[in-house]
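You will see two complexes here that share subunit A, one where it goes with subunit B and one where it goes with subunit C.
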Partner chain A sequence: MLKTLIGRFFQGILVLFVLFTVTFFLIKELPGGPFKSGEKAIPEHIRLKIEAYYGLDKPVQVQYYRALTNLLKGDPGLSLRLEGREVTEIISQAFPVSLQLGLVAMLIAISIGIPLGVIAAWKKNTLIDYSAMALAMIGICVPAFVIGPLLADQFGRRSNLLPAVGWDPTHPSSWFLPALTLGLATAAYLSRLTRAGMLEILSQDYIRTAKAKGVGSFRMLVRHSLRGGIIPAVAFIGPAFAGIISGSVVIESVFAMPGLGTHFIKSIEVGDSPVILGSVMLYGSLIIIANFLTDLLGLWLNPRLRASR
Partner chain B sequence: MVRRVMLRRLWTISAISCLFLASCQKETQVERANREGILLVGNSAEPKALDHQLVTGVIESKIITSMFEGLVADDPLHDDGAPPGAATSWEPNEDMTEWVFHLQPEGKWSDGAPVTAHDFVFAYNRLLHPDFAGPYAEMLYFIQNAQAFNTGEITDFSQVGVKAEDDFTLRVKLREPVPYLPSLTRHYTWFPVPRHVVLQHGKITDRFTKWSTPPNLVGNGAFKLTEWRFHDFIEVRRNPHYWNAANVGLNGIRFFPIENPYTETRAFLSGQLHTTYQLPSDLIRTVKENSPEFLRQEPYVGTTFVRINTTRPALSDPRVRQALSLTLDREQLCKHIMEGFFPANSLTPKMGTYEPEPKLEFNPEKARALLAEAGFPNGDGFPVFSMLISKPAARAGAEAIQAMWLKHLNIRINIQNMDWGSYNSAQQSLDFDISSAGWIGDYLDPTTFLMMWTKGNGNNNTGWSDPRYEALLAEAALKSDPAERYAIFRQAEALLMDAQPILPVAYYTRNYLLRPEVKGWHPLLLDNHPWAAIRLEP
Partner chain C sequence: MSELTLEPSSSLWKDAGHRLSRNRAAMVSVVALSLIIAACLILPAIPGLILNPDLQNLPNKNISPSAGHWFGTDHLGRDILSRVLSGGRISIAVGFITTLVSVTIGVCWGALSGYAGGKTDAFMMRIVDILYALPFLIVVILLGKTLEPLTAELTRIVVGWFSPAGSSSASINKTTAWVEPITTLVPLFIAIGALSWLTVSRIVRAQVQSVAKQEFVEAARSLGLGHFRILFRHILPNTLGPIIVYTTLTIPGIMLLEATLSFLGLGVKPPYSSWGILIDEGANRMLSNPWLLFFPTLFFATTLFALNFLGDGLRDALDPKSAKD
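For the complex of A and B:
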């Protein structure tokens, strides 16, 4: 077990290093540059000075070495877009918002998706099953930029029940709509995966035996089937969680939220390499950690996997 | 039994959640802000910085003008008004090449230190210093020797035409007569910086220090910075040290950088903003029908145009450019797509007594003749060019222009969408054919529209220049009489409109939303509403 853990750790480091290198050179291929992409052109002699200030006049290998050593020191440097502000400051403000949104969205996704999948599997090939799966399909097919404004308009502008726009970490009422919008698609996937997993378990011999012995439906579902049935869903939750945190840019735009996704996209637009690299490394680490935790959870849930290791 | 207990718990949690959520929204944010005297302003995007010597944009200007004040203030009612700001009075010499400003003796920074003429000299020294590399230093090039100092031709700042005679007297010597200097000093590039605070955090040439972030930022305006959360909001609160603090109507302002105009509109309509930065043109009709009391449509000193890369074959021929311009049906574009905008008949919109000669018309027949003369009869052999756009709102206009050129000239163009940074970069490196663009004036003088078409100007981006045009601008620069200047500008603009490196389409209208309880907010061409004069009267 310890060997596996150490192996995965070094694998993660290698992945991060490759990710950093590829991203760094891709940024260099972006058209323009951080000081050539403003609305009003900066005079040439001034632009050259600014670029020299940031070390952008140095050969690319020097820039690469600097960026790498800065990152290893835990300080990606200054943003080129929000001039003079430290990347660590930007990420430390924005990431908790994305994380909080992701956690609530995941909670909503799990609370909707897994029960829906269980019910659909339990009532297989009935109207309930078809309705639940149709709902899931709608959740998968309708994009967030359609669902978000609809929810915000209905519950925010028309009924004034919840804030239509904005994010206040101290007011849970402002979390609900963006988290629901973000969580719906994941809920839909989860419900389909859970349904498939549960159907497989429910067709097992031991379930038939349990039924024959008179075990109640609820007990049978929750006690005997769920643990095995949600394994496919759990395998999906890890990467989905990382995806939810890093892919919330549409939600941030629809609900005007100060998350990391907006910084990421805006930085790419202007080639703000310190913010891009900082965000990519954070997202990369998150995905690696999430996958690792999912594997651990899978081992805990599935004794056969443990035995094979 | 277990199931019943679980169900009961679930119901209880749901009921509490619903009650909690419902109770959160009893009072809208606007209602609460009205009570607290805080103005909630939609401000479109995150500012690049709040150090006004590091920025070039309009977004930043909105926030900066709440915290800083120039020598002359903005008038809440009139575009040409010049109420006292950091200066109480000013006078020019006879030919308007030298101005003396007398500063407010009561003028204070938000930390209580006095605002002196030395702060202005320090600010201009900092912005012009080559090592500081201020991106908008050219706005100070009106000052004698400012350009030479900024480009490193001279290194002694004492040779630059700005001097503090004493603590409260500032003398500015100019390279040419500038009768509109008071209006120019309202632009943030002319604002002072607190010398004592800037130097406390670093050197004069340091681009970035902590001086312009909360809680360090010290200004001389009606409000002071209290909080800045990226992509969330920036809050300023009343500055008790402001010389005219007794007449400031608000306790604070919160600026929200809501970039998505539909999100911003929704925020306004659900009671989360007092005013928006913009209103998408496809929502104007809906707002007119449902909430006309909020809709504001006001003239704005800006022009949208089609920019031509005159270094491309075919487009280098002025007859081709004229043909393209003559087939733009500007009336139809304004009626159906750019709602509220006015068809342009030249580049510069009317400002004060300056009105350019109307040169633009819709005449497809003449256009076809010109195109044939240029070697493309009925559009035969005309290359397929791309029109570069960036904002989604520009697509409808670009498609209409594409259809007009196909219909009237039988030429085809493609539409190419790019992100904002790549779009700007492509134009600045002349790596485009045709683009959809626009320009907002920085101050109320035709030069803000005409100077950029000179050779080497960073905002020209057409590859076009003409020595005759530049000679006319140089001639106008020597005149101090506005009537004489304007007559020469009219000639220069007529020349530009004959050459057509740009095809003006429409004059801007600011379409936005404003709540009726906001008082002291009047239509202004530059849209610079002095925050100190605004009040909330619910």
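For the complex of A and C:
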């Protein structure tokens, strides 16, 4: 058990190192560059001075080493796009918005997806099952950037129930629409996985025994089947969280939110390497932590896995 | 000899085909999919049948669906029907070609890994684990953006093939007009394809491992066949079922990804349109001109629905477990 965890830890470090290296060299190959393109052309001698100021005139291996040590110290340096602003400052302002959005979306996805899947499995091959799965298919097939504006229009503009755009950390009502939009696709996948997992469990002998002993259907579903039935869905939560983190890039642009995704897209367009590196590494670490926690949860839910290790 | 060996496998496919044909959702999907693909591929190719998708006609802007323009027109007076059909070509091309790239890499990687076993297998799967942990969309965006200069280079090379040096500028422009829509997509193909083969490789590896233990593989080996021949001629054909199912389910995911990237301004670039771009444009004007959003979304969602239902149907049909009932 401990050995697996330690192995996982070192693998996580390796992943982050690979991610850093790949990102660093991709950024170096990005077309344009922070001071080469843009609306105002910068005179050659001034551009060289600016690049020297940011250390962009040094050989690539020196830049690589410097970026790596800076990152290990927890300080990626200055943004190239937003003059005079620290990357840490940009991230610490924008990231809480994205994190809050992601967590609320995950919560919504779990609280819609898993019950829907359980009900669909319980009422297998009935109208309820078919409509639940059709709903899930819509969630998978209609892109978030269509659902987002539709929801914003319906609940925001027409009925004025919820704010249609923007994000106010102190007003939970402004969280709901973006988080719902972001969580819908994940909810859909979770419901399909839960349904399949529950069907597998519900066909087991011990469930038949429980039924024969007269256990009520609610008790049978929740006490006897749920723990085994949601294992596939739980295994998906790690990757789903990764999807939600990346998906927030789209949702932030739909709902005009000041999150990290917005900064990321803008930084990629102008080649702002410290911000790109900083945010990619942050995204990467989050995903690794989420996968790790998912593994732990899976071990807790499934004693057979524990025994085999 | 060859007939004897083919007999059981062809009956497996016949069984699967029979089961699939009884699945109503899958059959409706096949019909819908064929209609949409045929419409997108054939109709724009017939000269004079539909309007030029890029033809701007400002006096006719913002017309709601009518006899002249079945799907209406946009703010520049462009015909939405022809834009949906020609945009569909791009979306379908991205979906199918990228899936081909991704499945090819995944099948080769997984097959080699599963067949080699031991340390090679462990090493190859560790690489897959590492790539799995990368933030997918983020890396695809970065990779696609980095590969963008490739487009200009490729366009120049391909145009060079068809219009050798000394051709008139008119002929060069004409060639560029049909070469460029394809080359602008190449960075997207590579970026998505390079990162989406992981799940296929795991599926194929597991399949290859189980097939490789069977007697007919041992027989092939004792006949002195080479590893390459055993793997690609004898083992891989037996893993086709899961590969086909997974391919069918990958295409809609990749089409969705293309739409998302185009929405973020990182995929297909105007003037070339895809369903993703049309949906984005429609979403911006959905209050005044809802048809701009409705028709592209209808085509896009129907295609995705059909592919997903077909994939599910194929999985049920090819699953040996479902053969029992």
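Some points to look at:
Keep in mind that, in the parts below, the second predicted complex is superposed on the first by the 308 of 309 C-alpha atoms of A that agree within 3 Å, B and C clash if a C-alpha of one lies under 4 Å from a C-alpha of the other, contacts with A are read in each partner's own complex, and residues count from 1 in each chain.
To be clear about the criterion, a residue touches a chain if its C-beta (ideal position, glycine included) is under 8 Å from a C-beta of that chain, and two chains touch if they have at least 3 such contacts.
This one's a predicted model, so the numbers in the text were calculated from it and none came from an experiment.
In the superposed model, A:His171 makes contact with subunit B only, not with subunit C. In the superposition on chain A, contact of A:Pro43 is made with subunit B only, not with subunit C.
By the touch criterion defined above, A:Pro31 reaches both subunit B and subunit C. Of the two partner chains, subunit B and subunit C are each touched by A:Ser253.
Within the superposed three-chain model, A:Val270 lies in touch with subunit B and out of touch with subunit C [touch as defined at top].
Comparing subunit C and subunit B on the residues of subunit A they touch gives the larger count to B. In the overlay built on the shared chain, the residue A:Leu68 is in contact with neither subunit B nor subunit C.
With both structures placed on the common chain, the touch criterion links A:Thr262 to subunit B but leaves subunit C unconnected. Once the two complexes are laid over each other on the shared chain, residue contacts for A:Asn291 go to subunit C alone; subunit B is not touched.
Looking at the shared chain after the overlay, A:Pro149 reaches both subunit B and subunit C. Under the contact criterion defined above, the residues of subunit A that touch both subunit B in one complex and subunit C in the other are 30-31, 149, 153, 157, 253, 268-269. On subunit A, the positions that touch subunit C within their shared complex are 11-12, 14-15, 18-19, 22-23, 26-27, 29-31, 137-138, 140-146, 149-150, 153, 157, 242-243, 245-247, 249-250, 253, 264-265, 268-269, 276, 279-280, 283-284, 287-288, 291.
Across the complex, subunit C meets subunit A through its residues 126, 129-130, 133-139, 141-143, 145-146, 148-149, 252, 256, 259-260, 263-264, 266, 276, 279-280, 283, 286-287, 293, 297, 300-301, 304-305, 308-309.
Note for the complex: subunit A touches subunit B at residues 30-33, 35-47, 49-50, 53, 78, 81-85, 90, 93-94, 149, 152-153, 156-157, 160-167, 171-173, 176, 218, 252-259, 262-263, 266, 268-271. Residue ranges of subunit B in contact with subunit A, taken from their complex: 2-3, 20-22, 24-25, 28-29, 46, 48-49, 51, 54, 56-57, 130-131, 133-138, 150-152, 207-209, 212-213, 229-232, 256, 258-260, 262-264, 266-267, 269-272, 419-422, 424-426, 428-429, 458-459, 461.
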